[in-house]
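Several structures are given next for inspection.
Next come two complexes built around chain A: one with chain B, the other with chain C.
Then we have the complex of A and B:
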């Protein structure tokens, strides 16, 4: 009987612990005060308005968007190819290959960052640009893209592709007429997810960005100046909002994809 | 059979998946315009054989000819065959019209021709006006018809059907069997039909290949398979068969005499090739060819036993009779229209099973 009280209380405390600090950020971003302390003084949009004139920030946002878009497209293409190879062909060494692709998920980003930095600078002698950031992010995003697309490809009846071949279409046309439309929700989910991961990523970007900071790197650099903290909060809130929105959309698409992928036979 | 009559020819076709031999040295021909069934229990290789015809599997050894041309190495999309898949494989993102028209794009038809063909196909499967329906709005039976139309609209030389009626309920299945048979007669395309349901194969097919463990046991017309099975395996797979083992002792005037030990002397039709005198054979008799009575009848084969149970099917009943010396209960079919036997009296009673020698056959393996 007592659990009836304790469990909801525990759940509530847990949620507050999880989201409380994050939700404080938007609260302070609307506060008309340089210092992030209670009590709140007055409601204001000026920190947000200020962002529009902050050329450093705009520049960093621009960089992040460029990296994010490119990485999401590249990661989805690579992930799709890997997912097709894993689900459609009897691939020797399927398990180790999957493991290798998933590995960046469990390697700490700091180590990944240092390792990439050493390879890029010392071994390959490449300049640090947005390209190097993109390469690092690709490593992080491909596992996610592949996972989403593998589950999508496994979700639909193999005989659909065979039926297409039977009706005269070769593999290439079968891909475009059958596989691609059926995998499309997964592709969109993969694009959105990779974009979010790249857009939010800090550690690798910090190591690999050189003179062109991405938004999180720029944000971090601003923490040194206390007077810029409120505008940083405003920026953080915006990122939080956009990320949450994108993730929700991608999750809705993924769910809808599962609905469509269900075998037709159960529908009657 | 002349070579010109055959649309499909299999020559020593085998297919292994690793150590598993799915199809084992199969050779036969399928005639043009024939309704041909591959019948066998699951895992007998019938679906693999069908997929070899469709180009989804490639034989490990052997040759496959379709209309005189070897198709070994020819991919599915270049073959003059079309398939109705077991799951129907209706494209879920396309409506009925687009599903049916899917295979027409390659044929480079004009817009009018294409629309006409789809319209005709919808008429053929009795779903006119269904073109705009989404795939998920169709019932199981309708999906089956759309899959059929989608395959037929390309006018293949051979239509391959992989247990297409398996997912339907009994009543619908019987309706579709009838329609399928009529459809095949109307359009005259060769059908190769895979099923594990012997009744379905018997009603639909011109000829049936009975398969087991990757081999074809017998290929024949339904009546021949039923009346003159070539082996015990075929006899027991198609319908039920009562077998009495014994030693062949003589053959005279078309009748073979068998010394069947505890069952006495039995006689059966002697057909060429007759096994050697003295060899072990089985006298095989179908349940409906046995008569059940209180007394033995002179001149007929007679075996004494007692009724163990009765299975009532409405139009007929099966009595299961235990006979001393027989491992299994002997099945006797009894038409209830001519019933002379009351079930209350039947169970536990000593009875005589009698049959005329001409209705029994000899089986060796």
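Then we have the complex of A and C:
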């Protein structure tokens, strides 16, 4: 009987451990104090207001948004093609190919960073720009896009596509009129996920960004200055809020998508 | 790339238009070799952008890393004459240096010690992660009945937020002017801030455990969720108490998920860079810091490349050894 109470209590403690430290950042960002100390002083918005006039931060935000949008679109297109190939075609060498695509998820980012740095600088002699950051982020995002889209493509009845083909639609029209609408929630989830991954990624951007920092790289550079700690925390809180919001939306869309596919399946 | 996709779809359209449904079904059932070959070719065509991307951004860079690990740095340039000097520098035997009473018989023991230290820290993190994540996964799989999705989202959302910020959060918690110190001070429990909280290996272990615990829940949860509930009932009917039932049924059946969770945590954390940089201090530095420094400030990319490769090989070797041991153990268990 004691056992029944221990686990929920543990779950609560776990959630406190998981969220507590991260939530201290927004708490202290509203505190009128240079240090992250208790007890809290007065409530203030001034650390946030200060961000609006910080041109370095605005510039980094701009860079991050550009990379994030481009990467999410590219990653979703590449991931969708790969997911269709994996679910709709018999592909020899399927297991090693999937393994290769998933590899960036287990290789430490530092290794990916230096390896990309070597080939870009020493072998190809390319300047480090936002493009090189984008290429690095694409490598990290494609596995996620592919996984989301594979589960979406496997989630609905293939006979819908076959019915469309039997009724005389060609493959291209079948894709646009049947597959694409059904996969759309997965596509949106993939766009949002890839955007978040790119927007939050630090190590690869740190190695590959050259003179144009992304937002996490900018934030990292600010950590050296103790007097900028409050505005760094304000910026960090905004980043946390944006990524949490985007991810919750993408999760809800993904689940909605699964439910939307169900009535069609029973009707067929 | 766009051209290839459109010409492919035209070809596919032509093939479908030419074949009436009956023709297609007979072609399928007879599975003509030509048709089969076209099918996998089309699959590969769709796969080609991904394969191209992976070759250009993963395979080629790793190959380049291997290549320059056999080169030498001379001033600001690289000398591409093949040499084993970097590996010799890392592994050359010499008089033993002692670290934690472990002898390191190397001429230049700094990097071997750093590598072993990183692996030990990573092992400690892996144990801590599994110990914290397993009960939570168990709770999610067996005890949560309503709002399961909400719980799963609650556990996974932090994974999608910035890793850098999650690590930075611990600096706020553990710092000299941080939350714990100021909290204890204002409560009057301590006279002056505790200095041993931040910038040491323990801070690295805590921070990494926090960063990876939620990640490890998912594979464990999936393997627990898959367990046939009637097996648990059978164990109870045959007289096992909850504790025995857990040890003899649940734990062994969830072992695959737990093992893969452990590997998914262990492999990337050995080379972690952000955490040791932000909360490790000089005592908590890991091999990732050394690699970054060799490519940056120390300007010795070939040695950095060699160190990266020695690290990856060591981790791969350890993982293979672990799998072999685990496979061996489960084989023994089955024989009994």
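Basically, the second predicted complex is superposed on the first by the 260 of 268 C-alpha atoms of A that agree within 3 Å, B and C clash if a C-alpha of one lies under 4 Å from a C-alpha of the other, contacts with A are read in each partner's own complex, and residues count from 1 in each chain.
Everything below uses one rule, namely that a contact is a pair of C-beta atoms (placed from the backbone, for glycine too) under 8 Å apart; a residue touches a chain by one contact, two chains touch by 3 or more.
Predicted model only: the values in this text are computed from it and were never measured.
Of the two partner chains placed around the shared chain by superposition, chain B and chain C are both touched by A:165. Once the two complexes are overlaid on the shared chain, A:64 sits clear of chain B and of chain C alike. Once chain A of one complex is fitted onto chain A of the other, the partner contacts of A:182 are limited to chain B, with no touch recorded for chain C. Residue contacts after overlaying the shared chain place A:72 against neither chain B nor chain C.
In the superposition on chain A, contact of A:220 is made with chain C only, not with chain B. In the superposition on chain A, contact is made by A:22 with chain C only, not with chain B.
For chain A, the partner with contacts to more residues, out of chain B and chain C, is C.
Looking at the shared chain after the overlay, A:110 reaches chain C, while chain B stays out of its contact range.
By the touch criterion defined above, A:209 lies against neither chain B nor chain C after alignment on the C-alpha atoms of chain A. Residues common to the contacts of chain A with chain B and with chain C across the two structures: 165-166, 170.
Note for the complex: chain B touches chain A at residues 54-56, 75-78, 81-83, 85-93, 102-103, 105-107, 135-136, 138-140, 143, 150-151, 154, 167. Against chain C, the residues of chain A that register as touching in their complex are 3, 7-8, 10-11, 14-15, 17-19, 21-22, 24-25, 28, 35-39, 77-79, 81-82, 84-86, 88-92, 97, 100-101, 103-104, 106-112, 114-119, 122-123, 135-136, 138-139, 142, 146, 165-166, 170-172, 175, 193, 196-197, 200, 202-203, 207, 216, 219-220, 223, 233, 236, 239-240, 243-244, 246-248, 251, 255.
On the side of chain A, the complex with chain B involves touching residues 156-157, 159-160, 162-170, 177-178, 181-182, 260-261, 263-265, 267-268. Contact residues of chain C toward chain A in the complex are 5, 9-10, 12-13, 16-17, 21, 24, 36, 39-40, 42-44, 46-47, 49-51, 53-54, 57-62, 64-65, 68, 78, 132, 135-136, 138-140, 143, 149, 153-158, 160-166, 168-173, 175, 177-179, 181-183, 186, 210, 213-214, 242, 264, 267-268, 270-274, 278, 288, 291-292, 295, 301, 304-305, 308, 311-312.
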